[in-house]
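A short worksheet on the structure shown next.
Letters A, B, C and D mark the chains in the order given here, with residues in each chain numbered from 1 onward.
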Amino acid sequence: MTITADVATSVRALREEVCRLHGELTRNQLVSWTAGNVSARVPGHDLMVIKPSGVAYDDLTPESMVVCDLHGEVVDGDLSPSSDTAAAAYVYRHLPEVGGIVHTHSPYATAWAARGEPVPCVLTMMADEFGGEIPVGPFALIGDDAIGRGIVQTLQSSSSCAVLMQNHGPFTVGKDARAAVKAAVMCEDVARTVHIARQIGTPIPIAEADVASLFDRYQNVYGQ
Amino acid sequence: MTITADVATSVRALREEVCRLHGELTRNQLVSWTAGNVSARVPGHDLMVIKPSGVAYDDLTPESMVVCDLHGEVVDGDLSPSSDTAAAAYVYRHLPEVGGIVHTHSPYATAWAARGEPVPCVLTMMADEFGGEIPVGPFALIGDDAIGRGIVQTLQSSSSCAVLMQNHGPFTVGKDARAAVKAAVMCEDVARTVHIARQIGTPIPIAEADVASLFDRYQNVYGQ
Amino acid sequence: MTITADVATSVRALREEVCRLHGELTRNQLVSWTAGNVSARVPGHDLMVIKPSGVAYDDLTPESMVVCDLHGEVVDGDLSPSSDTAAAAYVYRHLPEVGGIVHTHSPYATAWAARGEPVPCVLTMMADEFGGEIPVGPFALIGDDAIGRGIVQTLQSSSSCAVLMQNHGPFTVGKDARAAVKAAVMCEDVARTVHIARQIGTPIPIAEADVASLFDRYQNVYGQ
Amino acid sequence: MTITADVATSVRALREEVCRLHGELTRNQLVSWTAGNVSARVPGHDLMVIKPSGVAYDDLTPESMVVCDLHGEVVDGDLSPSSDTAAAAYVYRHLPEVGGIVHTHSPYATAWAARGEPVPCVLTMMADEFGGEIPVGPFALIGDDAIGRGIVQTLQSSSSCAVLMQNHGPFTVGKDARAAVKAAVMCEDVARTVHIARQIGTPIPIAEADVASLFDRYQNVYGQ
């Protein structure tokens, strides 16, 4: 498979966008060294654009991004794709509404993941963004479909756009790469605030009906 | 209602000021993504200037700020105002001495809010700035006057210029927008320090008479 | 008293130095808003250079620094000096070896101060820099010599160049302003690390003879 | 011993590289003031390049780096070398596969060191990078071979490229200076995340076979 003329424009724009969005991961202190990545689906095509493996964020360029099919095979690019490519490809194959995926090891979200404990919904901001708790997915080794399957199964039984893979870290999804980055930023933010609240006491739960009302309003009214 | 010539100059200056002050929210790490806003009353008029809803801080310009009346209706501006506009309008209507309001989800202040626990006054800096504990306001859903009412009632029975809305986050007020931003910065600072103090022991209380003496001195002597 | 020609050169250089060193307070995240200051003794004269009160760090210039005598009276400068001027003046009067003083409300050091608990010496870096624990000084109201007296008495019975004033925050001293700033940075650093160590267990003490050996070596061998 | 023509080129390149890598220590917030250093072995020669003692990171230049032999004696350079030179020299003498060493007092790693407690392997990222727990080395005073000996003995009985010297802080090694810096960044990152996980519960262990599988894959497949 090669990139035909009709997708070349989309791919070029997504290389720029995906490259640029990695800057938000460092700016929001979600990643150390090279440990985190952004990907985007090429709309209408069985293709994705993803970070190359083990390259420093400062060295990323639109050209260094890797284009893969949705089984993780490289279609265009000189470098090896992220070691999370197979997991991302699995998610894009099984969740057609997902247009972007972010994976980090952001410290507070990863700490909840290390305990295998969901982040309880005790903040109006969590109700807005995640519609409830942030769930935990199974422990899974890298190398086959186990991680992707764990992400998909967990997200399908939750309103959340973030999942904490046990002992591993958060994966977030969105309608596009920017929305997935926003979810990664908010996931770490609420994981941190709820952690701090729990350190010296017990947060007050929010009633389920109130969570539903906040989530509905935010998804439909907030923003421009 | 439209903006008449006699308020146009004030509004223009406040658009600049309110826009610029959002930079202090990011610089002081009080906000993630778009979750926080500054507003200012237009002195002598039933108008306020506030952040547009869901716009990234880097993309804010004086022109993108929204001018509303004190019932939250847009008077001038192309974008939808912050979803906290109704709450801010309520506060400006009921507390005439308030010229600026800031709302954030800064992590330590919000953690106290998640537990519904006031920050006790155990720092001379808290006595200076807040005149006692930082109180908690009621849980309230967005969408009517509930948040504004909760803020006003809590501030009226306290010397504090900050209130922690339960499960939500801090709102701070000041004589102008800059004073409200300062209060937001100090609120997070003391919420953090007192949290840290509490993590491994019990802070020593400050006698009420000493709190009163520090507050009085700071409000009347400090600064230029 | 006025500034005579023979001290004008020293004062000019110290205005530059003291102004510039405030940048280290913000860079090392020791201060919020305007809550912290640096001062320097004018060598060989009963004068000091100190930050003006309540002025934002970004707005500081060498010209805005205030020259005071060692009773805190303004000798040269258009602005009111820091509200910690009386405390600093007391220290310069009573500790002739002190050439610089820094006061901050840095969060971890202030948290120990809020509990009235010294930071125990469980790090080789603490032994190097402070020669033992960082002690706590008494609670004291601003406005007379109480703070200065508390600082001097506590430092005189300790090898430490930092004291945590109860419910207030750290004061550090040095042979010059730069050394006092270094002490403020290190004080917060070790207050944080020891706090973190204590959060989930008990740090191992360092034997007194080893503390003495490390302190002696560092004061006499380290650096150029 | 003097630097002969055939090593001058290597040394010049390593002065640049070692100088530049100190910027990663500050950028990743691993160091306060001057408390941390990077060194590199000159490949094929019994020489190393290391930071000068007590010099601020902003003031470092390639020329100010110090070249020493592997007993810590200065071979080329105007300044005194880091006080950790003897420890680094010992490591280079006894571990021929080590091409770079980093020492910091990064707060979370140092907090584990203060308790004398290894960081348990409860994150896939730790399994990838360290192949198991991060071990603790003995308490040792500066001034003879004790620190170097403690580092070597601890690393030789572990898969980890980081060791936490008790009451002191982390030392990390790598095939070159850049790899040692990466290890220092990852060491602090996982020390922090596991600390956070432990603060409010118990992290789930990863089975030893899974740790071995992750470590093997990461060492052999990850990156370009």
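One rule holds in what follows: a residue touches a chain if its C-beta (ideal position, glycine included) is under 8 Å from a C-beta of that chain, and two chains touch if they have at least 3 such contacts.
Source: prediction; values computed, not measured.
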{"item": "Type of chain A:chain D copy interface by residue overlap (half), same or different", "value": "different"}
{"item": "Relative orientation of copies chain B and chain C, as a Cα rotation angle in degrees, nearest 5", "value": "90"}
{"item": "Separation of chain C from chain D, taking each centre as the mean of its C-alpha atoms, in whole Å", "value": "32"}
{"item": "Length of the line joining the C-alpha centres of chain A and chain C, rounded to whole Å", "value": "45"}
{"item": "Multi-chain contact residues (two or more partners), chain B", "value": "199"}
{"item": "Full enumeration of touching chain pairs", "value": "A-B, A-D, B-C, C-D"}
{"item": "Footprint of chain D on chain A - complex, ascending", "value": "32-33, 35, 52-55, 79-80, 83, 105, 107-108, 110-112, 114-117, 139, 141-143, 166-169, 195, 198-199"}
{"item": "Contacting residues of chain A [partner chain B, same complex]", "value": "28, 122-125, 182, 185-186, 189, 192-194, 196-197, 199-204, 206, 210, 213-214, 217, 221-224"}
